[in-house]
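Residue numbering begins at 1 within each chain, and the chains themselves are lettered A, B, C and D in the order written.
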Amino acid sequence: MLVVRAIHEGDLDGLFNLASQVGTGMTTLKADMKMLGDRLATACASFAETIPPEERDYLFVMEDTANHRLAGVCAIKGAVGLTEPFYNYRIGTLVHSSRELNVFTKMETLYLSNDLTGSSELCSLFLHPDYRVGHNGKLLSKSRFLFIAQFPHLFTEKIIAEMRGYQAEDGSSPFYEGLGRHFFKMDFHHVDDLTALGKKSFIAELMPRQPLYIAYLPQDAQDVVGAVHKSTAPARRLLEQEGMHYEGYVDIFDAGPVLQARVSELRALRDSELAIIAPDDDMVHACAPATTEPTLVSNTTLRDFRMIITEAASVNGSIDLSAAEQQLLHCATGATVRTLPLNVKKNQ
Amino acid sequence: MYVVRPVETADIPALESLAAVTMPGVHTLPRSRDKIVMAVERSLASMAAQVDIPSEESYLFVLESLEERRICGTAAIFASAGSNGTYFSFRNDVIQQVSRDLNICHSVHALTLCSELTAYSHLSSFYVAPEVQQGPEAALLSRSRLLYAAQHPRRFGDRFFVPLAGVTDDAGQSPFWNAVGRKFFKMDFLDAERTIGGARNRTLIVELMPHYPVYVPLLPGDAQAVMGQIHPSGELAFNLLTAEGFEADEYIDIFDGGPILQAHKHALRTFTTSQKLRVRTGVARTREGPLFNYAVSNADSAAFRAVTIPCPDLDGCDAVALPPEIQDILRVAEGDSVTCVRI
Amino acid sequence: MLVVRAIHEGDLDGLFNLASQVGTGMTTLKADMKMLGDRLATACASFAETIPPEERDYLFVMEDTANHRLAGVCAIKGAVGLTEPFYNYRIGTLVHSSRELNVFTKMETLYLSNDLTGSSELCSLFLHPDYRVGHNGKLLSKSRFLFIAQFPHLFTEKIIAEMRGYQAEDGSSPFYEGLGRHFFKMDFHHVDDLTALGKKSFIAELMPRQPLYIAYLPQDAQDVVGAVHKSTAPARRLLEQEGMHYEGYVDIFDAGPVLQARVSELRALRDSELAIIAPDDDMVHACAPATTEPTLVSNTTLRDFRMIITEAASVNGSIDLSAAEQQLLHCATGATVRTLPLNVKKNQ
Amino acid sequence: MYVVRPVETADIPALESLAAVTMPGVHTLPRSRDKIVMAVERSLASMAAQVDIPSEESYLFVLESLEERRICGTAAIFASAGSNGTYFSFRNDVIQQVSRDLNICHSVHALTLCSELTAYSHLSSFYVAPEVQQGPEAALLSRSRLLYAAQHPRRFGDRFFVPLAGVTDDAGQSPFWNAVGRKFFKMDFLDAERTIGGARNRTLIVELMPHYPVYVPLLPGDAQAVMGQIHPSGELAFNLLTAEGFEADEYIDIFDGGPILQAHKHALRTFTTSQKLRVRTGVARTREGPLFNYAVSNADSAAFRAVTIPCPDLDGCDAVALPPEIQDILRVAEGDSVTCVRI
């Protein structure tokens, strides 16, 4: 059985093992005991609420209870850009028109911006290859939305997720080659490494300050603005189903899209419901539909947040969870849990 | 013998023939008879005008072969560029990129649409017939405008510029235009130049041209390569003007990326080294030392005349010896003042 | 009884009478027969679908069926900025920080933008003073959302509404005095008049092209960025209840906020439902709750769109409308109508 | 009699006393003994260096009263501003606002952070004791740097600038700073100047100063009023420099808004009107005409000396008469060359 839960002090080795599987391309999960240890300590302090909300970094792990192995990890940062500037390009529109010449030209422009400063961020999602089956990816990714729905007061108005941008077969970034390289004079992967070390803001200093017309970039760079790395497309779809949208912000290096949403407009906020775990002798089970859609269900405890997928459905405010499921959630009959259908209703 | 003098009404047919042979381009003589007539009339009116503040005046000079009574060159100067609007150009900015933490410091060029050349005096329409391009007459013609300006400072600004035609290919395509202006204008270079009539003062430039700097490294290689480069036809003018003291790196044309040379008058040799000398009748003294080509002009506005003569170094002299026939051409007599500058 | 309906050819006189009541401050409804006639013709062509969606201008009037008087008007424009550039200021954030000095400064900036080009626009809302009672204001304003919910394919992804900005007691705009006046050198009301004549884009040419730091404006101008005229506050609340948000775009002259939404996230799109007008002998009426919230109900005909408020509720896909109500909607028993609770549920 | 000469190690105590009396401000002499010693050593090393491309050299000159053996003024010149970084200033841009349809055309000033003055030669540290401010010695001191530069063109750039202290009130508040820099730096003017050590080449300027133009009409009236205005203490320097040919309108200081005068060397009188003349022993000829103050310097780099003497117009002369005691001061003899320029 798999459970997604708040990370614990004892998870450092498991986290390191996971991070060792990550490979290049994920800048926030490096297999470095010092970095991971620091991050774990911050996460524990976050769940314990001993640091202010904007400094928190909620780290969740997916545990296989059969062997107590960590199968995946994901995180929510309380706020970005409050210690180091957080840069993006924002895509705007400028219209150049002349009635005399009857020319009306709509030009897209890139503005270097710190607009997303202070937003909460979904990040560091990684699922061990052995577990990339069934609903596991969804379970891991969506656990964060249920957490936010349960504790919305911990988050700012806006939540974002940075998506890895398009890369060519050889790992190069056409956007970087067309723009950044002229200003950094170093390789994309070198820039990527510096970013991993938290040097993103220093690199951004080298970016041109003035708005740029996208039409002045080479065609192949223009083509990938807002496009994700092909391995990231499924993750993007998952987040979009939860109510996140690409609103014209992209990464300054690879032009990968930033997805964003108002917290209050996330599907989890609109559609998740509280339910009581029904006693065995209730009729909940009998009244429930014969076949149901899988449902995400979590407990309502911040410090020991836990979430699973169940086949049970919430009926009139009650849900019939098996003893094993209650055990996974660290809950008993009569406790309040939060439920959300795993999948978006098709007719919406 | 050649003389440079203000254009006259009688020159119009000769200018028409000249216009027929000059290459296509926007910085040379107007092409239609109507426009030539207008330019001549405007020059005559400007010469005759009492001017306190430079404005819409423009002055057109011709190079005439006295033997053949033939016009073999033209050169003009506008008192104040964009006086009926704004003169737009690209300023070639250098932007420093500095990161202390990464120990990186380099500079990036960016082109910014600007109107800084507005109210400069604007040299244009320089054309010299092939047969006199090698001689000192070409330099005389180019410089006569500045001699005139030096003698009439209230008619002109303190700064001068000269746009030179940029690089186009045989099909009339401009690599710079294709990379920059075309994205906004959505038309070919020659169509755009025709539409705008070669002007650089039109509101539609503000409407259509980029509001933000164009970062040069982002431009295609062929566009970067022609930035600030002159059309081969402009080489003579370019050499004469840089020798005069004009500088080429700061501004380029917004359409074809050609260089715009500019200078404060204090940096121009005509202004800093010309001497006002008394006329003495005689041939050039052949005292010690070699002979140099000097441009010599009279000081009369309406009947401005300039010639070039070989002459010993005039440094430290207070008079210049001119033979009677030169005095006649310049319409001066013994004891009058002339302005001399070494070519 | 009041009905909101698509405007008809015969409404020109009534529209003129309404416009005569508007007074200054509403630039799109001037009491000018020529302008109003042109606009009416466009509106009729819009409902008749004889012009392309982006050129349409759907004009709705509220008619008092007791005396056939026009009591109010409102409109939806298919798309803005496609013939004349549509300018706004967008508020962005720039962070200036120096670790050496331990300074971290978050600065708001104004960017002159045409970003909203192509959006659909809610505009021209005016209710005759005699009718400013009860739910009339809501009925009029919200009719547009029901229309959009019924015909979402006619609208672009984004819908906007420009709100009148803050003015001092004497009618002056502190934002204009602090910014625009330096560039236009004319009175605010003169600028306003030019705007009414469609000259907004020419005026915008005079605006500074470069991004502006808001901190460089006088304090009283800074204070009103995004603030509405006090008479506009109720209209703003109405639109916000329907899912529109201020996302940092303001008017270039008075800094009034632009509210915007994705069409798919409007309350009307999420919560409105289709229902069948139940025959009299059905049990719908008997089963309905004793007291209900008022409900907006419209027919589903584009060319003859009509909408009323009813006390009837939709129950299991049926609604019991009186003969008079059916008459107002030009509908009969068995017809499909669209319903939306007038007010937002309080617990959302 | 006063002489201007390069600083020497022995001058350090005198410079310390001078520094103690000069007003607070960033464009004058360093204040601590350590920094004075560094400045003197750097000057000595620079004078002794073989220079092909201007770089980190700086040259410090003193005005000495020979009778009293007393230092009563200082003036310095840096070979290349920002040579270890970038020299930042505000460029005062004029932006044309044009609307053809509304028939409106006016211009708006905007300040843009720029690094264009980087690699200019940079004049600084000008101080003259009150008792000699009225005489020609002040002009001699200011100009000696340029005489030295004219004689050693490879040690300097083609362009020169001089920042002059802007307006501050008695409490050390700068209205310009309060309106512009303070919004980003979040500290008082004097604190900021102390933090940055008066430098204009630091990365933190890029980090904190506005990336976009500051539109002047949006600034409070008191900040606009002091833009390009000099602190009263800078009036003497301002007058001397503008008479020399420096221009004031294009750049201002990013901190206090004081003017930055700049010029191409072709526009500076020292470069354009100085004459190289042979030394003739004698007193100044009293032939026809009045006497003028001339600055006269020898041409030796390390032992550079300049004095001012009254003298008839030297225009057109090839020699200058100097009495033996002046020749001694300048370390020249009959037949040597000296450079002369009218003050």
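Everything that follows uses one rule, which is that a contact is a pair of C-beta atoms (placed from the backbone, for glycine too) under 8 Å apart; a residue touches a chain by one contact, two chains touch by 3 or more.
As the structure is a prediction and not an experimental result, all values here were calculated from the model.
With every chain reduced to the mean of its CA atoms, the largest distance from chain C is reached by D. More contacting C-beta pairs link the chains of A-B than the other of the two pairs A-B and A-D.
Chain A and chain B have CA centres that are 63 Å apart. Once the centre of each chain is set as its mean CA position, chain A and chain D turn out to be 58 Å apart.
In terms of their C-alpha centroids, the spacing between chain A and chain C amounts to 34 Å.
Touching of two or more other chains is recorded for residues 95, 98-99, 203, 206-207, 211-212 of chain B.
Taken residue by residue, chain A touches two or more other chains at 94, 97, 205, 209-211, whereas all remaining positions touch fewer.
Of all residues in chain B, only 206-207, 211-212 touch chain C in the complex they form. Of all residues in chain B, only 85-86, 93-96, 98-100, 105, 114-116, 118, 203, 206, 245, 264, 266-267, 272, 316, 318 touch chain D in the complex they form.
By the touch rule above, chain C contacts chain A in their complex via residues 81-86, 90, 92-95, 97, 104, 106, 111, 113-115, 117, 201, 211, 245, 248, 262, 265. Contact residues on chain C toward chain D in their complex (touch as defined above): 94, 96-98, 100-101, 103, 105, 107, 109, 178-179, 182-185, 194, 199, 202-203, 205-206, 208-213, 215-218.
Chain contact summary for the complex, chain C toward chain B: residues 205, 209.
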